[in-house]
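These are the structures in question, set out in turn.
Below are two complexes that have subunit A in common, paired first with subunit B and then with subunit C.
So, the complex of A and B:
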């Protein structure tokens, strides 16, 4: 399995999804060798010790500075800040770094034994193609997010090319939602029969879900945004809705958790709209802090412009916090007890937030039913579906 | 040695003979620069030897026309 993130190293949902998938696969008796970029020095041994299921996931490190959501400009910024002697170790551009990773994958493939190659998103697709050429084994290409999702119609052509070639070379494609499947068909003209949909699940036994954190804002309702602060996640729609909500429900606090390229702009926009005393910026949250943030909130809002799945929405429900989600998301296909709006419809978003905050019976029902619904999600189901995909390509 | 227009276009057409391709794939197959391939595809479209079978902001896919296949065979 070729991937970019594995907790504790993560910058978004991809790491969590891969981690949960590996745990689910292990429980079904599948042995995974997970090729990752370099982990921090002490994380490997701690991680293996702490997470028993992962002792059976073999790690092979490839030294890299890429994160899954980087664009070429962000890569250059990271590269320029490296020590001079470190720069020799990395490609000077994002694509040369992908190339370097692919070369390393070549060596790893030659000394590994496996039945299926499973690749996650565009940066690993070339590595998967190389692995197939060397081993003759089939590729299952997992698409967690397309260039369409990341750029909203303004793609990096080189990334699109790599994405397309990876999907074309794959023996089978796994999309994390029908929404993603339809995007892949629409933008890349891929045969629909080649694409299977496996919706993500969550770790139902994570103890962090039961910590029962209480909001520090005693007399105020809290509405949470949690995610990367980037175009794809629609943070500006959250701010616009917040401005409207305050006119109807003055005693509300908006918790803004996350970091990203749009963060400075959002902070300025909040100030320009005179909302600075209504917003709390927490920065990037990870691990159990994410669950605490959900538990402290009365409502979680996910106004994504294009969300391939939206695992955080399920995590919110599991933390007993109702959700208002974008209709342009994969998770809206599998969740019933949630508010759903078009991401651009700030007025409707406002209506729903105000209704939720104003009517206790509504918030109570949504909270109770949402939590009950979260019980149907687990790690076993997506793992079993992935195994079905593996069996399908192996039998060909 | 620099290739002539005819050689480049022949390489592009031969690349497409094996199936639909993107500009990137044709460029790799034919050994011709991406931008050059794009320009020649425009010409080949104009004389109905090539058709653009799929187009999106993310990928453009080309194929030979029947006319081109008959010529090559």
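So, the complex of A and C:
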């Protein structure tokens, strides 16, 4: 399996997803060799400790400074900040770095024994193709987000090209939602029969859930935004809705958790709209702090412009916090006990948030039923579906 | 001897339009004119006209054939507004004298559970409407969605009805059979007709269900099951939504052909016959008194009222609605009262039902909202607007406001 991030080094949901998938597969008796780019600043011991209990996942690390969701400009920024002697280790551009990762695949493939190649998103697709050329084994290409999703419709042509080649070469494609599947069909004109949808599950037994963190805002309701602060996540719609909500519900706080390229703009927006005393910015949260933030909030809002899946919404439900999610998300296909709005429909978002905060019977039912529904998600289900996909392509 | 008693529920609610918080105080039109019209036209074409035509043919062909209807006032009003031809076809049916109409609450409401005054007024309004349209005075009562308990049975007796319909729920009947006439507990004259839900639902729900081991259902097979009642009962009460024909079960399932051949099939057995509810009540003595202390209905697996009043949203919405009843009535504004009453229609609370996972399919099919939460929000926004209108205006100010518009 070729991936591009793994906990604790992750900048998005993909790391969690890969980690959870590997655990699910392990429980189903599947041996995984996971090839992952390794960041130089990683503490290796922590990394291994995390997976220590899991003997069946073998790690093959490739030294690299690439991370998911990175664009060519961001890569250069990271690269420029490296020590002069470190720079020698890495490619001068994102693409040369991906190329190095691909070269490593060559070596690893020759050393390993496996039945199927499972690749996650565009950066690993070339590695998958190389692995297939060497081994003759089938490729299952997992698509978590298309370049189209990541860039809000302004794809990098070179990345699109790699994505297209990878999807074309794949014996079978796994999309994490119908939303993603439809994008793949629309953007790349891929035969729909080759694409299977496997919705993500979630670790049903995380001890961090429901540790009952209490909100410090005792007399105020809290509405949470949590995610990367980028165009794709729709943070400005959250701010616009907040401005409307306080006209109806004065005693409410908006918790804004996350960092990203749009962060300065959002802070300015909040100030411009005179909302500073209504907003709390937490910065980037990780680990248990994410769960704490959910537990403190009365409602989690995910106004994503484009959300191929949106695992974080399930984490919210697991923490007993009801959700308002955009219809432009994969998770909206699998959760029924949730508010669903079009990301651009600030009026409707306001309508729902105000009602939620105003009617105890509504918040009670949404919370109770959302939590109840979250119990249907687990790690075994997506793993089993992936195994079905493997069985479809493996020639016995 | 088996008397087959067909009873059809005909109902359409006034569906509300999308109404958000920004409209509160600014928009006093609550209903979705377009959607109500479209649905009425669709169901008219698929169900009401073809089914009425079929029934008329059957009644003409078989003088023994009898049927009964309960048509809600909200359906009648929408026929008048959107599909007057349906009303004409019902009038044609009444001419055969083989058709009986039952009374119910005009607005297909849960008023009995929240306001006896309102309940009486809605039943009276329905009675007058049926008299006016069909020149018929109903003698048998059917409460919304067959919601029933001892108290309702006794109340109906005091209102002068000679019978009431209810679900033949297993948990009430135990070893008893729905194929006899009963007496509500504490009643002297009024009789109780119970739905044979197995055979009714074979037609209404399972008819087109290919996974059902009895699929396809033929009239021969159904006739055989009905004949088995001979010796173990006096009646077979087949109660169902009229929209079963052509709307819930589409024409291509063969439902019309099934119905077309059913009377003939039933009459092949010399002991079988057809009766309306009144005729059944007149003909048969009650075999026993039936004790129904808790509310039951014909909905869902539970056969209780949880489809309308099962969760906190439903309970709080309906309580808030009835809390303004007196104010609405005191306003003396007939238009406002009619609007308020349209909100009492049980469907609005059914849309808020969160029992998604046990009975999901049926609920989703009939729900114009994406979720029960959306439906609650919409209802409450409208109710809030109405409450504001009440506060800001007595009847005079209200009409002045209207004049300005």
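Quick note on the criterion: the second predicted complex is superposed on the first by the 379 of 396 C-alpha atoms of A that agree within 3 Å, B and C clash if a C-alpha of one lies under 4 Å from a C-alpha of the other, contacts with A are read in each partner's own complex, and residues count from 1 in each chain.
Assume a contact is a pair of C-beta atoms (placed from the backbone, for glycine too) under 8 Å apart; a residue touches a chain by one contact, two chains touch by 3 or more.
Please read all numbers here as calculations on a predicted model, not as lab measurements.
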> Taking subunit A as the common reference for superposition, should the pair subunit B and subunit C be classed as clashing or as fitting?
Replying inline: fit
> What's your read, subunit B or subunit C touching more residues of subunit A?
Replying inline: C
> Looking at the overlay, does A:340 come into contact with subunit B only (first), subunit C only (second), both, or neither?
Replying inline: second
>> Quick check for you: in the superposed arrangement, does A:203 touch first (subunit B), second (subunit C), both or neither?
In response: neither
> In the superposed arrangement, which partner chain does A:97 touch: subunit B (first), subunit C (second), both, or neither?
Replying inline: neither
> What is the contact status of A:161 with respect to subunit B (first) and subunit C (second): first, second, both, or neither?
Replying inline: first
>> Nearest 10 degrees is fine: what angle do the Cα centroids of subunit B and subunit C make about that of subunit A?
In response: 100
> Between subunit B and subunit C, what is the tightest CA to CA spacing in Å in the combined model?
Replying inline: 32
> In the superposed view, which residues of subunit A touch subunit B and also subunit C?
Replying inline: none
> Taking the complex as given, what residues does subunit A use to touch subunit B?
Replying inline: 146-148, 153-155, 157, 160-161, 163-165, 186-189
> Considering the complex alone, what residue numbers of subunit A touch subunit C?
Replying inline: 248, 336-340, 347-348, 350-352, 354-355, 359-362, 364-366, 369
> Where on subunit B is subunit A touching in the complex?
Replying inline: 22, 24-25, 54, 56-59, 61
> Which positions of subunit C touch subunit A when the two form their complex?
Replying inline: 20-22, 311-313, 315-317, 354, 356, 370-374, 376-377, 380-381
